[in-house]
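Structures incoming, each one as structure tokens.
Below, subunit A partners subunit B and then partners subunit C, in two separate complexes.
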Partner chain A sequence: MSEFPGKGLAKGLAVTLKTMTKRSTTRQYPDTPPDLPPRSRGVIALVEENCTVCMLCARECPDWCIYIDSHKEEVQVPGAARARQRNVLDQFDIDFSLCMYCGICIEVCPFDALYWSPEFEYAEYDIRDLLHDKERLGDWVETVPPPPAHDTNGEPAKEETAARKTQLAG
Partner chain B sequence: MSREVVVGTGAGLDTADMVLNIGPQHPSTHGVLRLRLVLDGERVISCEPIVGYMHRGAEKLFEARDYRQIIVLANRHDWLSAFNNELGVVLAVERLMGLEVPERAVWLRTALAELNRVLNHLMFLGSYPLEIGAITPMFYAFRERETIQAVLEEASGGRMHYMFNRVGGLKEEVPAGWTTRARAAIGEVRRRLPDLDNLIRRNEIFLARTVGVGVLSAADAAGYGASGPVARASGLDLDLRRDEPYLAYGSLDVPVVTRTTGDCHARFDVLLEQVYVSLDLAEQCLHQVDTLQGPVNVRLPKVLKAPEGHTYAWTENPLGINGYYLVSRGDKTPWRLKLRTASYANVQALATLIPGCLVPDLIAILGSMFFVVGDIDK
Partner chain C sequence: MPVWVELVLRVLAVVAAFLTLPLLIGQTEHKVMAHMQGRLGPMYAGAFHGWAQLIADGVKFVQKEDVTPREADRPVFRLAPVVALLPYLVVLLVIPLGPSGLVAQPLDIGLFFVLSVVGVGVVSVLMAAWASANKYALLGGLRAAAQLLGYELPFVLAAASVAMAAGTLSLPGIVEAWRPWWLLWQFPAMVIFFVAGLAEIRRPPFDMPIADSELVFGYMTEYTGLRFAFFVLAEYVGILVIGALTTVLFLGGWKGPFGLDAELGWLWTLIKVAAVSFVIIWFRVAYPRLREDQLQRLCWLVLVPLALAQLVLTVAVKVAL
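Presenting the complex of A and B:
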């Protein structure tokens, strides 16, 4: 036990007094936006041009919150003997009321059509409005930050390695 | 078992036992736990924890999800120690596959697991005093949590559900300069932690509420399969990080914090001491990470299949021992993945701990058992 009664309380109050003289650590959120790191998982952005409708993201999603629909179109490639078939994306919706923000869709996308953006202010009054269609997902693209450089002791990002290879080849 | 009568029917001076249900909703229970108490006045005669209100069928879902999707589910049953939960799953899968994880990943994982332990403990160090009436420690605990969460968010992108483990290592390399910033955060937390310590540990009111209350004997703790800080506060000297090292713990000297009194204050004390220990361990790991070069994961096929067989991996999670019994029939999903969670075992001890105590002590005991309801119900 403490030597004199109330020592523990006095020590506690001393902490309070000490803290009182310091600057507050609280940041008044709507007025001061938080600094979020580039890897922050806020919302998923879609680069529509890169999507080939391979459906990997929709299949790998643990709770199937990605809805994709497409149709096939014939494209005449100059010089080619036959018309080529191409997938055209009609619908790409992510239901953020179901999304668990795990990032698996972004990881499995082989054509870099999906990106994380730290943007988080998209709360809605109606849960149905959390279903973002491909236009809305496309709007997030401009908020996607460049990825941080990797620790020099580790391996560089695979994008960096790929870029270096193409540079050497070209 | 004594006679149970509905309140209000007892006539005159006859006192009847009252059945009181605490929960399923109660602010002191971190979720939806129900305690069925039989009271004789202010004294609790019997207590039966009724679990299952938050059962989400995680184990059954594991059987229908591939190994990457399991990590998503696994880091959610105990939402305060997501990294450690992910770790148990991937360790089990790696063991079954006979996979060698790069050394840099092993040390990074150890560092992150210890940082997550600090986060978990800080949560309880803040919420436990809050439950018995002291609001202020919460603010100090959350100030420290925020510092460490920023570091984890920078590496993984998540503040709670990190999703940073993968079978064979980690998702990706940490950003440049991250280890330095992580060390700075650890230093800052270590410097400011005495604030929390001075504020509450020897506070007379806190001592009056917790010392000698809810004494769990080492035999009872062992009998109920309690583990982690709860068991160590009763003198049960068991810590897998030292006794059956996984990750890089084998090459670290892990000081195991124990107390012998087994009361609420001892449990709080163990938690607070463990934060200091974990900060030291995390710092050592980060120093080691800086000396290692190389990849943080293993290149694996797109469709990952664990070979036929079974294995049991267990880890020292912040709340106690978590076990993962993985049975695979060679498919891309496990045939069965059984979870042994720390909170489930720890909360069972309430049945012996609470009878005989007073209603006000009930909250002190309940809060000091450090459980997450999601971890009980899975």
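Presenting the complex of A and C:
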């Protein structure tokens, strides 16, 4: 024992007393909603109109929790030589009991049909109820927050520079 | 007032104190511990900051099944929690709350009585441990026996020092004789008494007999329901008793910093008891559990010699005066 005996005890007493006088950091969750950080991954929202049934999300999903089904429809475009074909979404389910919230489907979607929503209160008593169909996924869209503002000191988005280039050229 | 009415009143007052103050201490422990750890503690029971948490706990304990293990020594097993709780109730009888006989039962040998009754605690622990027929309980019980027998010595020696200084064994008499400068004179004895008292009621950092990380719950492992609640309650009453004894012996009991002792004596006592109880709770949060060898070393190599030295000092000052 090189140190003064009881030094550790005095330190411990001081720290605990100091902590006691400070405000507690606890948030009473169900009473006060939590402050979620930006880009929180709560649930995945689907904008059905943007989906072209390209199946990229279903194929890239690491645990295959996206189930997609569709059929083709003929669309008569006035003035066109022949009818166009269009994919119509019949089923778009995400099984949140399998989903690991990696967000690859959202990254990979070329038409911005999938978004992260910070809503997290969708626990169920039955695991089968965690399979959200396209109506339920569509309901989450209104909870999607606007994208965070661009960093003022950051590089401009690729699209912006491209647009500026075409403007200068034209 | 006839004698029996007064008797009933006094006993009722002690029982009321016995039933309310430990709950108050328990609630304070919940809250103080939580805030010392940056938490909130109970917030829901009773709507306002969880004030009814311990009542809810009590209701829960009553509802639980009362299990006695098949291999247990039934009568001893069932009796142990009562033996743990009862001595503390008896101790409260002789602790003076205020001057001029504000004590349930003034005893001339009050200090002697208190020390011997508190010593019964070790019997209850050994009863619980042996009767449980459980190896964790047995280990806890043996640890408790070693600890309680060891710490009994500095506990008694420190109390003897103050009794010698006051020249009486009566608790009101000790408070009567107490002077503020005793705080300095009897300071080592106070520290020894407090630390040994913590060990006597098996509070952290001296909770080696319970040691939930190694012994499940020590001698309480096999207990459930109301009997377990009795042991927990005994711990809280233990805090009250050690706080009250420290107050009466070393902090001047009902004597306040300015007059009015006759009117406000009981309040001073309660405030001091609350302060000591707070320190006991504070120690639990601030310090880790002592290892078995550290625990015995502290007792035999630090506290006992210090207590003996304090006795010599007390005698020297007493003779010099």
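Convention: the second predicted complex is superposed on the first by the 150 of 170 C-alpha atoms of A that agree within 3 Å, B and C clash if a C-alpha of one lies under 4 Å from a C-alpha of the other, contacts with A are read in each partner's own complex, and residues count from 1 in each chain.
Basically, contacts are C-beta pairs under 8 Å (C-beta built on N, C-alpha and C of every residue); 3 or more make two chains touch, one makes a residue touch a chain.
This one's a predicted model, so the numbers in the text were calculated from it and none came from an experiment.
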When subunit B and subunit C are modelled together on subunit A, clash or fit: fit
Subunit B versus subunit C as contact partner of A:S40, first or second or both or neither: first
Partner chain in contact with A:T19 - subunit B first, subunit C second, else both or neither: both
Per-residue contact with subunit A, leading partner among subunit C and subunit B: B
Contacts of A:L9 with subunit B and subunit C, given as first, second, both or neither: both
Touching partner for A:Y115 - first (subunit B), second (subunit C), both, neither: neither
Three-chain overlay, vertex subunit A: subunit B-subunit C angle, C-alpha, nearest 10 degrees: 50
Touching partner for A:W140 - first (subunit B), second (subunit C), both, neither: neither
First, second, both or neither for A:Q28, with subunit B first and subunit C second: second
Touched partner set for A:F92, first subunit B, second subunit C, both or neither: neither
Minimum C-alpha spacing, chains overlaid - subunit B and subunit C, in Å: 5
Subunit B and subunit C footprints on subunit A, overlapping residues: 8-9, 12, 15-16, 19, 25
Subunit B-facing residues of subunit A, complex: 1-2, 5-9, 11-12, 14-16, 18-19, 25, 36-37, 39-41, 60, 62, 100-104, 107, 116, 148-157
Residues of subunit C defined as touching subunit A within the complex: 32, 34-40, 43, 282-283, 285-287
Residues of subunit B that touch subunit A when the two form their complex: 65-66, 68-69, 71-73, 76, 104, 136, 140, 143, 146, 150, 153-158, 161, 163, 171-179, 195, 198-207, 289-290, 292-296
Contact footprint of subunit C on subunit A as seen in their complex: 8-9, 12-13, 15-17, 19-20, 22, 24-26, 28
